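This report refers to the structure that appears directly beneath it.
For clarity, chains are labelled A, B, C and D in written order, and residue numbers in each chain start from 1.
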């Protein structure tokens, strides 16, 4: 839980005032609550809502008002509803400033896999393949290693891809990477994490930002 | 012109074994629940269903899956539908997984007479396999083809007798795209108003896309994930 | 005027109850007034209106409500407004039952030219190229010959085409032709017109419907 | 978030010589008349303008044509605009004539991140020259490419401060497509309402597509063909 907290608070700093943002299903959705309301951030839900509000009170639950994770939500003033083609026109057309998505694996060249484990688990890609191609910036948040301790940041993804070279920024409980010249660069260590630790738990090769090398 | 039918049977009996159906809705939100129940009742088989999701185990399109009425499913998300996942992984059900935005655009193209288009979505992934790749302005795209079907089944909030439809909140989702992409479109609606009562500036699906309307009562509108403020 | 009257009244009989119809700029627009109101016909205007009503009274003129010919019009109950992409989705997607358009030239294989005289006159094609490809049935109405008496139904169009083999039915002041097996077939003579007359004033080869041969 | 600008100058001064502009409107209906007057005033030159029509001789985009500010025009209809026709036939003005539905779809594609699509419109005509032809399901189509531009200038009926737009009747036409296809979109509107006053189910252009809003007064809204009941 503390690791998750580090991830969420670092992810929050990616969001600037006035941005149009899509938060993926699962952990990314938890960021919504933390965005200062005076930021004027508009959250997009790919099922057809721009301007997601907080979870409703029990008596305000509306089955016609859900987010992409099928959770009941509310709308904020200035919200707009639209159909799925318009929703993905927004996404594919480069109108969404930022997408924050969960990940199963990220490769050292910024590939992302997050929709299927062959023979074992199929969730489907939903809107993820569109988001990683269409959003101006794609941030992936995930635990640095699996529950079994296996690396999730790989030389190459072993799972079917969601997109190739699409991860602009990767935030884990241990570190932050940015895609630079087509390769992951370690740019930040999370509080309490060491370079040695990150090296040990990362299969991928990565470069290290100058600022970190000096440290 | 009056497209209202008093019972859903006149719609259901047109849908034959082996038919292809585009079904509106996202999750359980905005699904044509009466039409789905009618299909379940009718026992029509070998259906190809194009819909973003396939309901849940005991509601929505999941009912047709349970009854083995669906032979092929075109969808973007399996999600927490255990039966869908099982039938998919076992190969019992033919499944074409399509990215959600590509599914929306393929339906929109089908309704708009565009046979194919290019998108960057899916490039470099299993979705791109067997598809034409092409570079425009230095970026790689794949060609995707439009989808039309024998029937579109949609759910709207309100209709007038000539077939203009208005949807409510996120229950709109794939419904307007489905309505335009069906060779015949059947709409079930929660309320009927007189012709002229809908603001012409605010109609989501113009009447030309709708062939038949049924006014349902007592909608269940089940909720998949009831989340409330803490 | 009498010739025009014959064209319009024959064109009217193409329109059946419940149809969605697009009437082109110019002469086709004149058909609107003649459609029985109990037909429930919906007229589409490609600038974004389904359900064109009659010309408005002076005090009801609205600059935001025009037809594709830029004329002020009204809306009927059940009308809907939409943007130009949606309008042509209707047209291109095969949802409009019938388009009735004016013509400059029609070829014996059903080609239509109606948007430009090179070096002399450019009106632009507007929505005509979309309509002839998209409508379920395309009817062209025009005078049989030009004002100078030259044939307008040609072996091949001399003007830039609007569409190739797109004219399902051609109605002139002298005759009615249907496209049959890729060639014009004379199916009706207008009142007062003779086969000889039509032959003389038509450059195109055409077949003659059995019913007319017997007559 | 407040995208309202008190004067139109902050929009106009961004538009540089040689810029490409998508301009909403059909004939004189729904044109951004204040922005066009501002451009005329500014004297900005060498504009590429994408718009269904080019106004009339003394109003709308015709004003920029008269002032020789437009180098290239992409349009579907010249119509009764004598100066447009003359400058076109003489070769003084570069003109790309595009079928109206293809123009609409190219703009829609531009806004939606679709680089190219296929359409039957124009097959076998001069419009098809130099374009890829391709057969789908036995029918021939041509490939058309999307359009985007540096700026989109649109006119709406009402807006809220964050940029949601609502259009009125046939003044909607190309405006929503333009709004999505401009890299920056400037909207002039007849009225401003507070954020939350527009029904979220009834917004035509969601705020994400709009970068700046100007509230104009005293719209002329000229009529091209004043036709009345006899």
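In the analysis below, a contact is a pair of C-beta atoms (placed from the backbone, for glycine too) under 8 Å apart; a residue touches a chain by one contact, two chains touch by 3 or more.
The structure displayed is predicted, hence computed values, not measured ones.
Contacts with subunit A and subunit C are shared by B, D.
Contact tally for A-B versus A-D: the pair with more C-beta pairs in contact is A-B. Chain centres here are Cα averages; for subunit A and subunit B they lie 28 Å apart.
One finds 32 Å separating the Cα centroids of subunit B and subunit D. A straight line joining the Cα centres of subunit B and subunit C is 35 Å long. Within subunit D, the positions touching two or more other chains are listed as 105, 108, 112-114, 119-120, 167-169, 172, 200-201.
Among all residues of subunit A, those that touch two or more other chains are 75, 81-82, 85, 88, 91-92, 133-134. Taken as a contact graph, with one node per protein chain and an edge wherever two chains touch, the assembly fits none of the named shapes, being neither a line, a ring, a star nor a complete graph.
If you check each pair of chains against the touch rule, the ones that pass are A-B, A-D, B-C, B-D, C-D.
Across the interface of their complex, subunit C is touched by residues 1, 108, 110-114, 160, 162, 164, 180, 195-196, 200-201, 203, 206-209 of subunit B.
The part of subunit B that touches subunit D in the complex is made up of residues 105, 109, 112-120, 134, 136-137, 139, 141, 145, 166-169, 172, 199-202. Contact residues of subunit B toward subunit A in the complex are 26-30, 52, 75-79, 85, 88-89, 97, 99-105, 107-108, 119-127, 157, 167-177, 204, 221-230. The touching residues of subunit C, when paired with subunit B in their complex, are 17-18, 20, 40, 42, 44, 50-51, 75, 77-82, 85-86, 88-96, 133-134. Per the touch definition, subunit A reaches subunit B in the complex via residues 45-49, 54-58, 61-67, 69-73, 75, 81-85, 87-88, 91-92, 111, 119-130, 133-134, 160-165.
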